[in-house]
Amino acid sequence: MEQQAYSPTAELHEGKAAKLLARYETVRAQTEAICAPLHVEDFVVQPIVDVSPPKWHLAHTTWFWEAFILEKYFSEYHLFNEHFPFLFNSYYESLGERWQRTERGNLTRPTVEEVYAYRAYVNKHMERLLRTNNISDELVQLVELGLNHEQQHQELLVTDIKYILGHNPLYPAYSKQPEQVQCGVSHPMLFLEMPEGLYDIGHQGKDFCFDNELGAHKVYLHAYRIADRLVTNGEYLEFMTSGGYTDPDHWHMDGWEWLKQQPIKAPLYWHKENGRWYNYTLAGYRPVDNNEPVTHISFYEAAAYARWAGKRLLTEFEWEAACRIYGYMDSSSLLDGGMFHPQCKRESSKQLLGDAWEWTNSAYLPYPYYTQAKGALGEYNGKFMINQMILRGGSCATPESHMRLTYRNFFQPDKRWQFTGIRLGESIKND
Amino acid sequence: MEQQAYSPTAELHEGKAAKLLARYETVRAQTEAICAPLHVEDFVVQPIVDVSPPKWHLAHTTWFWEAFILEKYFSEYHLFNEHFPFLFNSYYESLGERWQRTERGNLTRPTVEEVYAYRAYVNKHMERLLRTNNISDELVQLVELGLNHEQQHQELLVTDIKYILGHNPLYPAYSKQPEQVQCGVSHPMLFLEMPEGLYDIGHQGKDFCFDNELGAHKVYLHAYRIADRLVTNGEYLEFMTSGGYTDPDHWHMDGWEWLKQQPIKAPLYWHKENGRWYNYTLAGYRPVDNNEPVTHISFYEAAAYARWAGKRLLTEFEWEAACRIYGYMDSSSLLDGGMFHPQCKRESSKQLLGDAWEWTNSAYLPYPYYTQAKGALGEYNGKFMINQMILRGGSCATPESHMRLTYRNFFQPDKRWQFTGIRLGESIKND
Amino acid sequence: MEQQAYSPTAELHEGKAAKLLARYETVRAQTEAICAPLHVEDFVVQPIVDVSPPKWHLAHTTWFWEAFILEKYFSEYHLFNEHFPFLFNSYYESLGERWQRTERGNLTRPTVEEVYAYRAYVNKHMERLLRTNNISDELVQLVELGLNHEQQHQELLVTDIKYILGHNPLYPAYSKQPEQVQCGVSHPMLFLEMPEGLYDIGHQGKDFCFDNELGAHKVYLHAYRIADRLVTNGEYLEFMTSGGYTDPDHWHMDGWEWLKQQPIKAPLYWHKENGRWYNYTLAGYRPVDNNEPVTHISFYEAAAYARWAGKRLLTEFEWEAACRIYGYMDSSSLLDGGMFHPQCKRESSKQLLGDAWEWTNSAYLPYPYYTQAKGALGEYNGKFMINQMILRGGSCATPESHMRLTYRNFFQPDKRWQFTGIRLGESIKND
Amino acid sequence: MEQQAYSPTAELHEGKAAKLLARYETVRAQTEAICAPLHVEDFVVQPIVDVSPPKWHLAHTTWFWEAFILEKYFSEYHLFNEHFPFLFNSYYESLGERWQRTERGNLTRPTVEEVYAYRAYVNKHMERLLRTNNISDELVQLVELGLNHEQQHQELLVTDIKYILGHNPLYPAYSKQPEQVQCGVSHPMLFLEMPEGLYDIGHQGKDFCFDNELGAHKVYLHAYRIADRLVTNGEYLEFMTSGGYTDPDHWHMDGWEWLKQQPIKAPLYWHKENGRWYNYTLAGYRPVDNNEPVTHISFYEAAAYARWAGKRLLTEFEWEAACRIYGYMDSSSLLDGGMFHPQCKRESSKQLLGDAWEWTNSAYLPYPYYTQAKGALGEYNGKFMINQMILRGGSCATPESHMRLTYRNFFQPDKRWQFTGIRLGESIKND
């Protein structure tokens, strides 16, 4: 990952190092806090390939510090266990052989207890390293990357735990608190205008970002409109009841084939019982709330909904440009809010930040000046730039300090287990 | 399961009931003893479809008592949990919908602790029931069936635990004790003669047996010879080094196709390191002992070995007839011996009982008078009588009180995770 | 293929050689006659792996003469085309690399015309060879084998052509003649008794047979009954309408899984239109005739039907013993009869010969004295002796001169594209 | 397909109608000319799902006229055969049920002769219709669409025929003429500069185009360079010999997984014999010519090559903008040239038109003002706008009158059977 823009000053004084250490400790503790409500059994399984066992996330994020920092910057460091690099490397071809992804859920050893010991061991060494007086810029950058990497896995932990518990017929709640509040109000969907013109896209400034956001550049946009909120469950139910899943005219060819291969008739976690829709949330199983944003839908469903509604999805550039103008305000519905579910629109909010990742109609492709670094860091983002669609805006499982206006998330168009949602847009035609 | 032959006398007195209760307690405790060395994580996973999570075995065997006995014979019985029949029914179509077999390893709840509570709850009720003065013959038969069912799962627990631990790259030992002893002696293989004639096949008498052993009948056998011991690792290695896995002439067509689809070049659990063969045993990873019986091979491999050796596998009838004449002696290598691995031939033994299940060249088919009962008990055996081959003799994972001369085990010809082995035979041609 | 029993006398005189030549010419011409009604396009395709293109059958049977006889016994023989052995070897591992079976339907070249030229070329050389004065016994045996091999492919040609035409939505008839006659009469099913005792099984005498029929031996059978005719469409319809395909209690586990994977609700080639059943026959598409034997059913369906009917399938030994006693009479419904469809029972017939192959409950396994020859001939039968069930009796697509009382046909239990049918039996219990 | 831009004048006089008729006849005859060298057998097969039988192309293009024009605009028209719409609809959900795509190669009927009769019948009616005095603009547009549709299938016919003949181990030539000429000269690759700025993209004017090219709009491009020719076989061989297929660092993750699943080590149709590379061309099997453009490579291979070469692929916008400036000259290597293979660069050419479709790094997505029509015409392009990459420039199999500067071709990134190639580009960074 090439970090052209981000360059911490050389005169990094003790205060900054102390802050970095504090952030390290906060982020690492946050990962474990997410796992606190689990039973040992919950840490082990992998019900689908996309979902990794929580135990694996705990160990893999720890391996990341070991492989990218401790082995290189801590001269006397010894591996906690010589087999762990093989077991907990995710996809870095340049870092050697690794355990097959599809088999993560078959590893009962190391135990959860041993994995926590591994975390403690690496924390101890990282903390010792970060207390050193003389920390190089390069190391600071890597620590930032490691923290952001760990935060990405915090989001995956939440969504993977949801999959594990939500596909158990006993539907155990992850956390009963806080109580889900029924939304009282339904907001009409308004469309905000955006004029045609040249817009700046991509990350600027010295703060951390991933390499796929770098290379600030211009994009010319024709005039368009953007909805002031996410599509709700109630609106999505209208699509469903008016034949949304049975009329091929709404769907991409690949989406229609995807539908034929599996009995999908509703968002993930929805179940119909006696004519009424329920959904599993991390607070438990409950009736669907019509005013909440719809979530756990694939790109195919998002696009079909938009076509059915006579609108379209936005491009990631339209989304980013609108945020720069209309504001990208805080939201209670990020991971830190502890709701673990998208919340209803509040009066003042446009739901651009948090709640649910918004599928865009942009494919995940490099920005004009993107260059993929050689070696393991280059594998972080660049090699995924095919067959995936961009999502923007973060979700109720995204840590607040991890988000940015320019953040580019990406998944294959059939994926539904993330907190994904829909924002509508449309072109303004000049006659 | 129709139990024509087995009919406990009506005047079953207290002594008998007490014995039944004692056996119930012994068998149930034995199941838990097998699981004692495991960590919680080991109870959860299902690395291949054939292997069930130990937790599932603990619960399924408990459900069996609930579904076949308590719900019918214990009038005030309440289910421990109303979802458990759905979760822990294995394959009984007549007992309602059930959780998909392939998804057993994705269930983290109920927890191991809850499963043990389930066992205790069912035990408490079963014990109360068995203390009743008046136990019907029918109930005694069902209890016998339940005990034998649980013993079958004890064997599966051992082989499934072996698969789970033995496919973890850390190769954790299940139990370091007792120490594996290197066999010092190699015995020449002798062939015992059996004259042609009519032989009795199948179970006789009033003791318990499965319905597939019933219908004692006559079979005419032409003269043949049977080896006086199992094939050893050393002999199997000769087959391997002389191109056993690369010359199609030794193999069934289906066996050859099976080989092409996966990189099989040795028995399961064997690994070659620096030119030497090692195998994983429940006592850990160690060099292959040439004088031990070869085990963890498929029918395809057993048949290919036999053809390569210029011999053949025996039919199940030839095997049973020979046992009736040459004796079916005790062996230290049953589950009760606690070795968890096939042992070398001792001077006096013909290895007919224990060590490794012997693949026969008989398909699993009904005996002439077999009738499959209606309903759930009829599903126990009859519906599997296609596409499987018979194995005889028991293994180091079979409980001693579970075995019989007439016992018919059966698996698909590609299965290798049971303790399976090879005994050679040949026809005596009359010129 | 070891031909222990069949040994033509050394003093084979011209008359015999002439007869052999005449048979060669008859059999070879018969293969081509079967293909006469086809269009060029019909020769090329392979709609499922089991079905080979007619063009391939024409060429493969020709290659067989080339590979097993001409290359060895005709010293100046030159291959017609050096690529053809690669293209037209079926499954003989010992005869070198070969074109993948699944890709047979993708070969447009050689053209049909070239394949016929190949046949003519080989015929010319075979005829020259067979006109030689001095033909060895070994060669005569091989010619017999080649003729029987070609006749097996005649049956496959008929069933493969039926599959190709019968799965085309235009349902083209193969041959309109002769007219199918509606059966007027329904015969009650009678059961013939067979006493317990020792019976002779397997081929005896000097006539040709396949190696899997050799090794005449004794089998002890307990008393049983055998139906005097095949199950009819009308009887099978009763099974269907009384929930035959929806009650798992009738089915083997594997049969039930097989049903779940595909929408099978009737025999192959049956279609329901406006509440009435039709089936495709080689004479065209027409209403199902209730009095005809049911055909195109899998072993799973045959076994489920028998269990539903309160009977069972016979073993191949019971079938052969009954034929020896009750007679194995001629039938109009062999290939030579030209009906290309199983016919209704006539008064005098027990339908033991022809009409439809009868699924037995015997697995395809070797007889006691069976030895598989080394090399290519050994691959003819022996390597298939696993995972298949025996069928007996021949069908409307079997050449009359190809059949024998001891003939053992075999297929996997899910196969339906052959003319397969059901004969019921039952054990007589001695009380 | 919405044709906003293309609007034939109302006063369409006889001259124009005559020209349309003449073009109809030319295009239809061209389709049949492509098939002239085939044998009947070649028309039938479908070796992979992507490849349709030539017979199917002949019939499907004919059905297109029937379904979109004759049934609607020719009042007395009767279907040639009522089953053909079911058999020859490709993917139009709104036009009813259809024969499964994967089964196209199993249809032996209708015969080739019947398909040609179908073509003649439709031609006769189309010609009658086009001779009518009064042809509406709407009809003219549909005829244009039908002609372009047929031309698309002409390209597919060439590539599908190549696949069918080129995967036959006999490697039959499609056409020996014209002789392939060895290129004598190797041209250094030069990079042409393009300044940053706003560029016009998309179709303008009244000529025919597909709906995916409509909505002329502006795109802002940062400065870049574009190669003046395609990558050659010789250059690609360097990539291969320097480990191009074995170093994951060059590859997208999905490309690397794709490589692991199949033994791809070279472009499609390349074979190594005795250390030298050969490739199958429509003129036959021959040594690879180093100076020819490399073709039959997937997007994954194109992108890996570019990364290995230290360059990148261009976006479709960069490609189109460059063509507008540097010219989009004629090439001898379109379908009309009759070479059926990409040709070496001539002095004057930049190979922007013809030879090989150039993979771009743009995903197939809608232009800003794109609207997908309702109904069957809307299915023509819009529903494919996901999971595919854009190719630009046409190939040696593209009819000249079918091409345009703005033409957007698209395929999944793993597809190789089209004539696909590589053009390199790079960004110019402003320091």
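Some notes on this structure:
Just so it is clear, A, B, C and D label the chains in written order, and each chain counts residues from 1 on its own.
One rule holds for everything that comes next: a residue touches a chain if its C-beta (ideal position, glycine included) is under 8 Å from a C-beta of that chain, and two chains touch if they have at least 3 such contacts.
Keep in mind the model is a prediction, meaning the values are calculated, not measured.
Taking the mean of C-alpha positions as each chain's centre, the chain lying farthest from the centre of subunit B is D. Spacing of subunit A relative to subunit C, judged by their CA centroids, is 60 angstrom. A separation of 38 Å divides the Cα centre of subunit B from that of subunit C. Separating the centre of subunit C from that of subunit D, both taken as means of CA atoms, is a distance of 47 Å.
Residue positions of subunit B touching 2 or more other chains: none. Chain pairs that touch, as defined above: A-B, A-D, B-C, C-D.
Residues of subunit D touching subunit A in their complex: 91, 93-94, 198, 217-222, 224, 248-249, 251-256, 299-300, 303, 307, 312, 361-363, 365-366, 368-369, 372, 374-375, 378, 383-387, 389, 413, 427, 429. Residues of subunit B touching subunit A in their complex: 39-47, 55, 83, 86-87, 99, 103, 105-112, 164-165, 167-170, 172.
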